[in-house]
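Shared between the two complexes below is chain A, which pairs with chain B and chain C, respectively.
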Partner chain A sequence: MSRKLWSGVVGVAVALAVGGLIMLLQGYEPVSAYGALFQLSLAGAGPLATTLKNSVPLILTGLSASVAFASGPINLGQPGQLVFGALAATLVGIYLPLPAGLAVPLLLAAGIAGGALWSGVAAFLRQAFGMSEFIVTLMLNMIADFFTAWAIAYPFMDRKAFSPMTLPIAGGGWMPDLGPLSASVLVMLAAAAIVWFVFRRWRAGYEWRMTGQNSVFARLGGCDIDRNFWAIMLVTGALAGLAGALVVMGGPHRFIKGLGANYAWDGIMIAIMANNGILGTIVYGVFIAAIQTGALGMELITNVPSEIAQVLEAVLVLVIVATREYANVFLDRMAARRQAKGRSA
Partner chain B sequence: MADLIALHDLVKVYPPNVLAVDEVSVSFRKGEIHSIVGENGAGKSTLMKLLYGLVPFDSGRIEFEGESLRFREPGEAIAHGIGMVHQEIELISQYRVWENVVLGAEPVRAFGRLDKTRAVEAVRGKIEEFQFNLDPLARVDAISVAARQKVEILKLLYRNVSVLILDEPTAVLTPQEIPQLFAELKRLRDGGHTILFISHRLDEVLALSDRITVMRKGRTVATVAASGTGKEALAEMMVGRQVIFTSRRREHPRGKVVFEARNLSRVRADGLRLLDEVSFRVHAGEIVGIAGVEGNGQFELVNAVMGLAEPSGGSVHVEGRDLTALSILERRKLVSFVSQDRGGMGASLQASILDDAIMTHHRLDGRFTFWHGLVLDYRAARDFVDRLAARFSVQMASRSSEFRSLSGGNQQKLILGRELLLPTPFFLMDQPTRGLDVGSIEYVHGEILAMRDADRAVLLVSADLEELFLVTDRILVMHRGKIAADLATEGTTVEEVGRYMLEGKAAS
Partner chain C sequence: MNVLIGLITGMISGATPILLAALGGALTFYAGVFNIAMEGMMLMAAFFAVLGSFLFHSWLAGLAFAILGSLALAAIFIFFSVKLKTDEFVTGIALNLFALGTTTYLLRQIFKVKGVFTSKAIVPVPAIHIPYVENIPFLGPIVSGRNLIVYLAALATIACTYLVFRTRYGLRLRAAGYNAASLDSSGVLASRIRTQSLLACAVLCGLGGAFLSLGYVTLFAENMTAGRGWISLAAVILVDGHPVGIAIISLLFGFFDGLGLFLQNYRVAPQFTAMVPYIATLAALYVYARRGRGRRGMKL
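Now for the complex of A and B:
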């Protein structure tokens, strides 16, 4: 545990240093840029609340990827599952106007169902025809992208709008704010807690983890591999779908063009940084959200272009993964050297 | 006699903290066969790899012909006349014998073109010089394992090495092939070569060596003349205590039929019969052994019983129930299983000890879950692991340590314990002592015998004949997918079983 923490901290520090170097080479002032970046994303209740709200889709899709990767199935379909969840929540929100107490849970359920439906298609193709979920989920992302683009440009388009978007959802489905904090954050935290409990405490979660580590052993041990595969695909699709519903309910309150943005790809990167750990996904998710949130303000204050956030993200992924792998080798080697010295002395 | 090679205080720590070689000093004389014996993990192979330059050492010194040397890579060792043959044969099987021998040191004509005539002649010359009885033009995949091993040795002789290191060369040979190898090694010694021979088979070491060095836990225990010692004395030095070599089988009445294979077959897509109408029975209170050279259908038999591969025909029954119709989980209510591959089939290496220990129990035993099997009861699981560790004397740092942090023997004890505690009538063991040290092997054998005394039926697949003779009541020999012989252990010999292993039914 301490080793994990240590390599994470070193990785982040090195990545920030590399990012600073890049800024320096371009003639910017890295210290003041970082100062502005974190000032605007972490200092005070307002910026922190914004960062947390922005972290919601990143963390949920990150959890989706983490659980899938740690359990075996390579579900890379979070982008498609997210927009499907968003579309499902939007449609229910438009055509089923209910009071908030009913609408919020119903729309969340619709998002979950939409995401699970889309990952379920991939699971079905894998189980029925043996098609690799790795390829299928990637391809289904394209279909989901174009399908939702068509849906919001033709059957469900708001005729009064100038660009493709649906009608707004009824007010009951808007995610309320609790002071500065969006209720989306609480939904995300509840989902993360449930995922943790299922993954670490349920018998099914135990089987998922063991299957992810050694599927032959799990199979011989009597785990129901096929059923688990279905469950993992549906649960991880549901998480991405929930992210989509929250994006709609907490933000534009309708499905607008480009709604999915890069959330899910960032989420997958966060899962990789976190080595598929649940707590790690939450921590890195907030961190990446902070960088993205602070970058916009940083651009206004310091002239450093906000695109530097993307550079930082890429550097972070590379450095953190490399540090984690190398830290183990390095620490092991140091320990060996110490012991050998002790022997020959 | 002067020392040719002297190792002084060598230390090697494998990262992070495995002390493999612990201040070892030993010397080898010119023209002797010097064996290094020890249990698995005693450091024999590592010590030789340090000498050979394959693995760097952390401290100490190597003297070769009175001069301090340190080889950074095997090429330098070979240039000084030291060569090593590894446990696994490392040849290109599609190449011919001569090609494998000259590879990397080929005679060439102008413009670097391979001079085939000269190469074949040179290889033929070496074969005759050392009386190796090999055809330089044969393809390696067409010759026997014993012949391939000779090619490995020839490869080094072609490079004019005077010191040969052999790492457990007999592990891949049948009983009949071993004396021939020994005769060749003795001839090499008489011609002035020095041979360093790594093994843990004491009979072989005593038959072959001039001197023997015993290692235990990374240290040398002693170096003795082979003529002045015996098997029991060596074993005691290796293990640090007395070891029982005599069979521990006792008369035990056998009960009803528990396991039955009926005309079990598996045919590969190209028509090859991997399992060919295999039928046999195992009774309660009986240990039946399956002998055979690896690759004669044992793997397919195990997979058919466990449900990893569908048989093409026939059936397998335990207590009258046809396993081939059951899911793996249903089978596991009847069959306990210890595989030969601990990290591949027996456990997850990166999982915690606890997670590996409760596998299958988590499904079959209601005490491990509550809420109708939904949630795992980790308190019950922890108690279970503690009981298991105490009952099977598993040495572990903590229940939550990674499984891979356990030694091989402790890993196997944990797996064995987990499977033994399943309330099944039938026990399938596939080479359960592979890669274990003598102490752990003795322990596993004790548990197998105890199972029989508890009237469970045991099927033991093993490539180790000594093991089969120590514990089984009956030995079935598999040859090319068929049961070639069904022999009562009391009434047969290692030689007879070995003959069936090589020749199948045509033997006797």
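Now for the complex of A and C:
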């Protein structure tokens, strides 16, 4: 744990330094830019609540990627699963106007089902025909993108809107705010708690983790690899779908063009930074959300384009991963040296 | 007749960027690098091609910039995965996102636009008209009058086949992937071969990206590679890296790409026609999986 923390801190520091250097080269003031960035994303209840709300889709897709990668399946289909979940939740929200007490759980379930359906397609192609889920999920992302773009431009389009979007969902499906905090955050935390419990405490989660570390060992130990593959794909698709539902229910309340944005790819990056750990995914998810949230405000104050957030993120993931792997080599060497000294003394 | 010629030239245009990227991917595949950064390399190249052509009003400068942009990404890849031994998959994913972020940021920073940049000052890569050949009926308009990069792609296919299977260097390249330790022990550093394969891949992806933004169309759009790098990775996996196989697969994808555009004339929604190449990739993967169960593939 301390090693993880150490490499994370060093990684973040180096990445921020590199980002500062990029800003300096462009003629901006990095200190005031970073100041504005974190002021607007972490200082005070309002900015913090916004950051937490923005972290919801990042953390959920991050958890999806973490669980998948740690268990073996290379599910890179979170972007497609997210938009399918969002579309499913939107359609139920439009055509089934129910009171909030019923609509919210129903829409969440629809999002979960939509995401699981799309990851289920990938799982089916893998299990029935042996097609590698790695390329399949990537291709399904593109197909899902075009399919939802079609759905909101033709059958479900709001005729009065200027750009492709659906009608708004009924008011009962809107995610309520609890003070400044969106209820989406609570749903995300509940989902994270369930994932943690299943993954770290349940037999199923133990089997998944064993399969991820050594599938031969897991199979010889009596795990049903095929059933576990299905379960992992469906669960991780469901998480991404839930993220999609929450994006719709907490934000524009309808499916608008470009809704999925980069949430899911950011989630995948977060999973990689966190080395597929659940707690780490949450921590890095909030951190990345803070950068993205603050970058928008930073642009207004310091003229640094908010797109710098994307560059910072990529630098972060590279530096954090390299630091972690390099730190392990370095610390192992130190430990070996210390041992050798102890023996000779 | 004209429709047929249009379909074939459309197929060639659609195939070119995928072919170039996949040839680059094949070189790294043989060298044993799990390189999934072709998408990012092409995207960087597409942006810098427009930048170079715009700044110097010359397509040659565009090509040079494209290759440099792509090489910059390869240099980062080499630094992290070959030098620091960071996981190749993770590095590739991060670099693809880095390319997306950087090009979006620079588009905003240099050209002050979001989404798409186009300008009359961007000089596209010219089409080459071959004298005499262009007068041959049917074949003439197909073989002649293509973009310069199309011919380069055809040459690159032949060059890669020769390099990989007929030269000492090709043997070393394949040895680096097949058994790096024995190559090392014979006095040739596998890590050096891998570095070189990544640089070569970057040059080919550079041409592929330049074709997208200075050949196919004359503009840069955010994320304009639209998964072509991933399709090229699929092509590499499907034929185990063989350059001729890659050329055939790329033409097939090019055909479906062109078919998608063609179907738009028949009132099929554009979103569905745009899906066609990705569905074709899935179909190709299906055939591959049926044919070669249990055969060696990439380490997936």
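One rule holds in what follows: the second predicted complex is superposed on the first by the 337 of 345 C-alpha atoms of A that agree within 3 Å, B and C clash if a C-alpha of one lies under 4 Å from a C-alpha of the other, contacts with A are read in each partner's own complex, and residues count from 1 in each chain.
The criterion applied here is as follows: a residue touches a chain if its C-beta (ideal position, glycine included) is under 8 Å from a C-beta of that chain, and two chains touch if they have at least 3 such contacts.
This is a predicted model, so every value here is computed, not measured.
Peer 1: Following the overlay on chain A, give me a clash-or-fit verdict for chain B and chain C.
Peer 2: fit
Peer 1: For A:206, is the partner it touches chain B (first), chain C (second), both, or none of the two (neither)?
Peer 2: first
Peer 1: Under the stated touch criterion, which partner chain does A:313 make contact with: chain B (first), chain C (second), both, or neither?
Peer 2: Once the two structures are laid over each other on A, A:313 reaches chain C alone.
Peer 1: Determine, under the contact definition given at the top, whether A:222 touches first (chain B), second (chain C), both, or neither.
Peer 2: first
Peer 1: Once the shared chain is lined up, is A:259 touching chain B (first), chain C (second), both, or neither of them?
Peer 2: neither
Peer 1: Kindly classify A:142 by the partners it touches after superposition: chain B alone (first), chain C alone (second), both, or neither?
Peer 2: Second partner only.
Peer 1: Who touches more of chain A, chain B or chain C?
Peer 2: C
Peer 1: Looking at the overlay, does A:74 come into contact with chain B only (first), chain C only (second), both, or neither?
Peer 2: second
Peer 1: Working from the superposed arrangement, determine the closest approach of chain B to chain C, counting only CA atoms, in whole Å.
Peer 2: Value for chain B versus chain C, nearest C-alpha atoms: 7 Å.
Peer 1: Following superposition on chain A, which residues of chain A contact chain B and also contact chain C?
Peer 2: Residues common to the chain A contacts of chain C and of chain B do not exist here, since the sets are disjoint.
Peer 1: Which of the residues in chain B end up touching chain A in this complex?
Peer 2: 9, 11-17, 19, 22-23, 58-60, 306, 308, 328-329, 332, 337, 339, 343-351, 355, 359-360, 362-364, 368-369, 373-376, 378
Peer 1: For chain C, which residues count as touching chain A in their complex?
Peer 2: Listed in rising order, the residues are 76, 80, 84-87, 90-91, 93-95, 97-98, 100-102, 104-105, 108-109, 226-227, 230, 233-234, 237, 269, 271-272, 274-275, 278-279, 281-282, 285-286, 288-290, 293, 297, 300.
Peer 1: Please give the residue numbers of chain A that touch chain C in the complex, ascending.
Peer 2: Interface residues on the chain A side: 26, 74, 125, 129-132, 134-136, 138-143, 146-147, 149-150, 153-154, 262, 265, 268-269, 272, 305, 307-311, 313-315, 317-318, 321-322, 325-326.
Peer 1: Give every residue of chain A touching chain B within the complex, in rising order.
Peer 2: Answer in residue numbers: 201-204, 206-207, 209-210, 213-214, 216-224, 329, 331-333, 335-337, 339-341, 343-344.
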